[in-house]
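In the two assemblies presented below, chain A is common to both, partnered first by chain B and then by chain C.
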Partner chain A sequence: MQDLIEILISATAGGCIYALLALAYLVVLRPTGVINFAVGDWGTVAAFGGFLALSEAALPWPVGMAVVVIAAAGLGWLTERIAVRPLVERGAPVLAPILALLGMLVIFREAVSLGFGPDPRPIPQPFGYGRIEWGLLAASYQSVFIIAVTSAVFVGAWYFFERTLAGRSFEAVALDRRAAALMGINLARVTSCAFAAGSALAALAALLLVPNTSAHYLMGIPLAIQGFTALVIGGVGRTEGALVGGLILALVEQLTMRYVPIAPGLVQGVPLLLLIVFLLVRPTGLLAARGGSA
Partner chain B sequence: MLEVRAIHGGYGRADILHDISIDIAAGETLALLGPNGAGKSTLMAALTGTLTRRSGSIRLDREDITHLPSHDIVARGLALVPEGRHMFAPFTVADNLRLGAIRLREPTRARLAERHAFVFDLFPRLAERRSQLAGTLSGGEQQMVAIARALMSSPRMLLLDEPFLGLAPRVVEEIHQALDVLRVSGLTLLLVEQKLDIALSFASRACVMVKGRIALEASSAELASRSDLGDLYFTLARDQTLDAP
Partner chain C sequence: MKTVVQAALVIVVLSAIGFLLGPWQTDIYRKLLLWIALALSYNFLFGVAGQVAFSHFTFYGIGAYAIVILVTQVGMPLPLAALAGVALCVVLALAVAIPATRLDGFYLALATLALAQLFIVFLNEGGAVTGGTGGLASYRLPDIAGVTLSGPRYTVVIVLLTTLTWGVISRLDRSWFGRACRAIRDNPQAAAAMGIDVARTRVIAFTLTSVLAGIAGMVYAFVDNTVNPPIFGLENAFLLLFMVIIGGSGSQFGAVIGATVLYLLPFVLAPLIGHHHALVFGVVMLAVILVQPRGLVGLVKSRPGAGQ
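Let's look at the complex of A and B:
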């Protein structure tokens, strides 16, 4: 029982990271229709930003985290201006910005590799290595921190999309770009904000992850795959889908690691296997969009 | 109020609009007639900035809006009720209306309340349905939301692209009455319509579009008095169909 509870808590914390990455995909995909695989490498850049802010400059965690997330939002905004907007303004098909963003992914990765080299860089734990124990429940401070931050982000995202005019504008653009433009919604601004928010979310996910794993220039690839798989599992129609998808993916990974006798390296194939299964069996994901729209 | 000069434009490489020029005075109601594929909806897209590839000039109250994006055109007082309604189906009627007011000048609580009161007075049924999801409304009610949503921005000029299309006669009558109220109030209207009887009974002047050009322009009274009107309209429509690739 204790074993299962520990797996559940570990899976919840890991699932929260995947959920944030899935949300980073979602906030860009919904209003623009663009699948942005550079999400993982936004995370890589932010992880090394975290190394500079938290390890090198030794800023307090809240300050360092805020600085990196705000800088990441700026990087997302810049990515849109450089790689997406010029193509959209020329009426390029939706595949063009997706390919341009793949190009940006390589640029980000190689820039990090040139700047920091191939060795992993450690990031300090925000609350040390202690554990909270409460009866059968036991979790590291970091796991509790990850779950708390992710919960706050998803509550905030739900409130933004459901209860604010700006959030409704985002959703309106996702539902019908032309009608949204005819209402007076500034499509260019919504797109810029979506990229900034996506990058900030990817940065947050990376910053929560790296105290346990260290920052490495190749960390973006698994982040991109895990986030995308979580998105496909949960579905793109609803914000909660990202959370559900992330938690399910992490739980399957953890249960596979614990109970299936396969080599540890093969566990990395679990997201890809789930991705294939969901794309074949339920490509719309588990949660349908409200009102029947996707 | 609206001066359109030598507009050319289209989607992709094909030009659909050819040298379109129209003038609409403040408070006037103009009907834009024409068969399917004549370019009426494309012209609406050009006027509201959703058709980006175009040349010529468009002025609203002498201000050049030719190259403005849609949101800036709405902010300057030109609103479109698009063909097909384009509801935000998963949103409530209230949310649809609130989004319509996103470019309302001075969007204070009192001003929003005034706009809500105005549209609910025009379409009382929407007040009862304000918490209902727009996608669950009947076609006629959705058309009312589409018109009300465009009116929430307090436009100086309203473009209506086939607002009666696919509606039951009773609903057509209801919407016709609401548009009459707007016309009498002095709002400048441009109505795109295929049916001659509806258009000529509503507008003071009409333009007939064929193959992306203005083929005929006259007062509604003048057009209505032509005994060959039905034949003329049919001939223009047939010529377009025969010329189509």
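Let's look at the complex of A and C:
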């Protein structure tokens, strides 16, 4: 029983990471229609940023985390300037920025491998390796930290998209770009904010993950796959979809790893299977969009 | 008749080159031809049918592993093993494409990315069947009708593969099917309104080109007489995409040019920058998309109706 509860908590923490990645896709996808597979490698860059800030410079965690997340937002803004805006201004088909972002993905990854080499780099745990044990509940500090940060982010995102004017303008652009522009919404600004936010979210996900796994230059693609699968499971229509999808994906992965007798590496097949099942059975994801479709 | 003569001439010339080269050049020449074959079929999938898939190189690997395992471990005769390998590619391609192409958007890109990642995991975890991380080695091509195909003679097999791929793809491109694929790429709704079955055409294009990649993989299996997981990693899936984009997506000449330039470039760049040519490819690919979407062929000629 305690075993099961511990798995549930660590799955929740893993699911929170996927949910943040799914949200990183979502904030870019909703207003621009661009699926940005570079989110995983934004995470890679941020993970090595975290290595520099937290391991090398040994900054305290809150400071290091803030520095990396803000720098990541800058990276996202820069990504949009280089690989997306020129194409949008030229009126290129939507495939063009997606491919350009794939090019950026490779550039990020290779730049990291050039700078840090192929060895994994450790990053310290923010609260050490301790555990909370409280009756049947048992969890590592890191799991609790991940769940707390992610909850805060999702509450913030929900508040932003549902309750603030700036957030509603994102929604308006998602529903109808042209009408939104006619209402005086600055499309270019919404787009660059979306990329900056996406990169910051990916950075947060990576920073929460790497104390458990270390930073490695090839970590980006698995993150990109898991985050997108979470998005497909939850549905792209609503912010909560990212959270629901991430939690389901992690739960299925962890339960498979614990109770199904297959090689641990093959658990990486779980996202593909879930993805195919969901595309066949419920392509809109679990949570359908409210009001008009997008 | 004219095209038959032309094709025969090309095959003779390309094969003759194979007889003139030393061992090191032969290795490069064979792999170049294989890359061209892959780029040609991938160009149809990505450039003509407009499907962003990362599984093309995976199917190359599936073909290679399938034929080696079926011949050496199951003991099938070569033709039967080749047919079984094709059947395997068809089944896997359908399993991915039928759910993923039902929807617009980039679900196929993700599903194929996951498939490519899973294939490598499967190879590493496959134990004695796939040889694990070390892969399979020290097998050789069985004699075909009493003839041992090795050295330049095997180069001729690769020449035939590449020219046949060219032939199949260019026939396909000019048929109603190729036009349907282009129509869907440019505007799926309009294509559907004209009576094209969008989902079915997409699935067929994906399956056909994946099978072509699988067949190329079967030929590759006996080039080095070893198959191992790193060869079939995502690196090469991206390289293939870059070849087609940089050469000029949608153009067969573009695929050939892109494959040739990107395959040979590392040999030139290695003394300058070591193994970091992927960074250069990323930058060049980005520059091509931003500056010259029609790729290198777009620089050379501007034929209306070609390319984008």
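Quick note on the criterion: the second predicted complex is superposed on the first by the 293 of 294 C-alpha atoms of A that agree within 3 Å, B and C clash if a C-alpha of one lies under 4 Å from a C-alpha of the other, contacts with A are read in each partner's own complex, and residues count from 1 in each chain.
In the analysis below, contacts are C-beta pairs under 8 Å (C-beta built on N, C-alpha and C of every residue); 3 or more make two chains touch, one makes a residue touch a chain.
All values derive from a computational prediction rather than experimental measurement.
Room for both chain B and chain C is found when the two structures are superposed via chain A, with no clash between them.
In the superposed pair of complexes, A:A152 makes contact with neither chain B nor chain C.
By the touch criterion defined above, A:E171 reaches chain B but does not reach chain C. Of the two partner chains placed by superposition, only chain B is touched by A:A181; chain C is not. Looking at the superposed arrangement, the partner reaching more residues of chain A, out of chain B and chain C, is C. Of the two partner chains, neither chain B nor chain C is touched by A:L4. In the superposition on chain A, contact of A:V63 is made with neither chain B nor chain C.
Across the overlaid pair of complexes, the angle with its corner at the CA centre of chain A and arms to chain B and chain C is 90°, in steps of 10. Look at A:P222: by the touch rule set out above, it reaches chain C but stays clear of chain B.
After overlaying the two complexes on the shared chain, residue contacts for A:V260 are found with neither chain B nor chain C. By the touch criterion defined above, A:P283 lies against chain C but remains apart from chain B after alignment on the C-alpha atoms of chain A. Think of it this way: put the two complexes on top of each other by chain A, and the tightest Cα contact between chain B and chain C is 13 Å.
In the superposition on the C-alpha atoms of chain A, no part of chain A is touched by chain B in one complex and by chain C in the other.
On chain B, the positions that touch chain A within their shared complex are 48-50, 52-53, 69-71, 74-75, 79-80, 82, 86-91, 95, 98-100, 102-103, 133, 135, 149-150, 153.
Those residues of chain C whose C-beta lies close enough to touch chain A in the complex are 50, 52, 95-96, 98-100, 102-103, 105-107, 109-111, 113-115, 117-118, 121-122, 124-125, 234, 238, 241-242, 245, 276, 278-279, 281-283, 285-286, 289-290, 293.
Residues 35, 37, 82-83, 86-87, 92, 95-96, 98-100, 102-107, 109-111, 113-114, 221-222, 224-225, 228-229, 232, 263, 265-266, 268-269, 271-272, 275-276, 279-280, 283 of chain A are the ones that touch chain C when the two sit in their complex. Against chain B, the residues of chain A that register as touching in their complex are 91, 165, 168-169, 171-172, 175-176, 178-188, 289-293.
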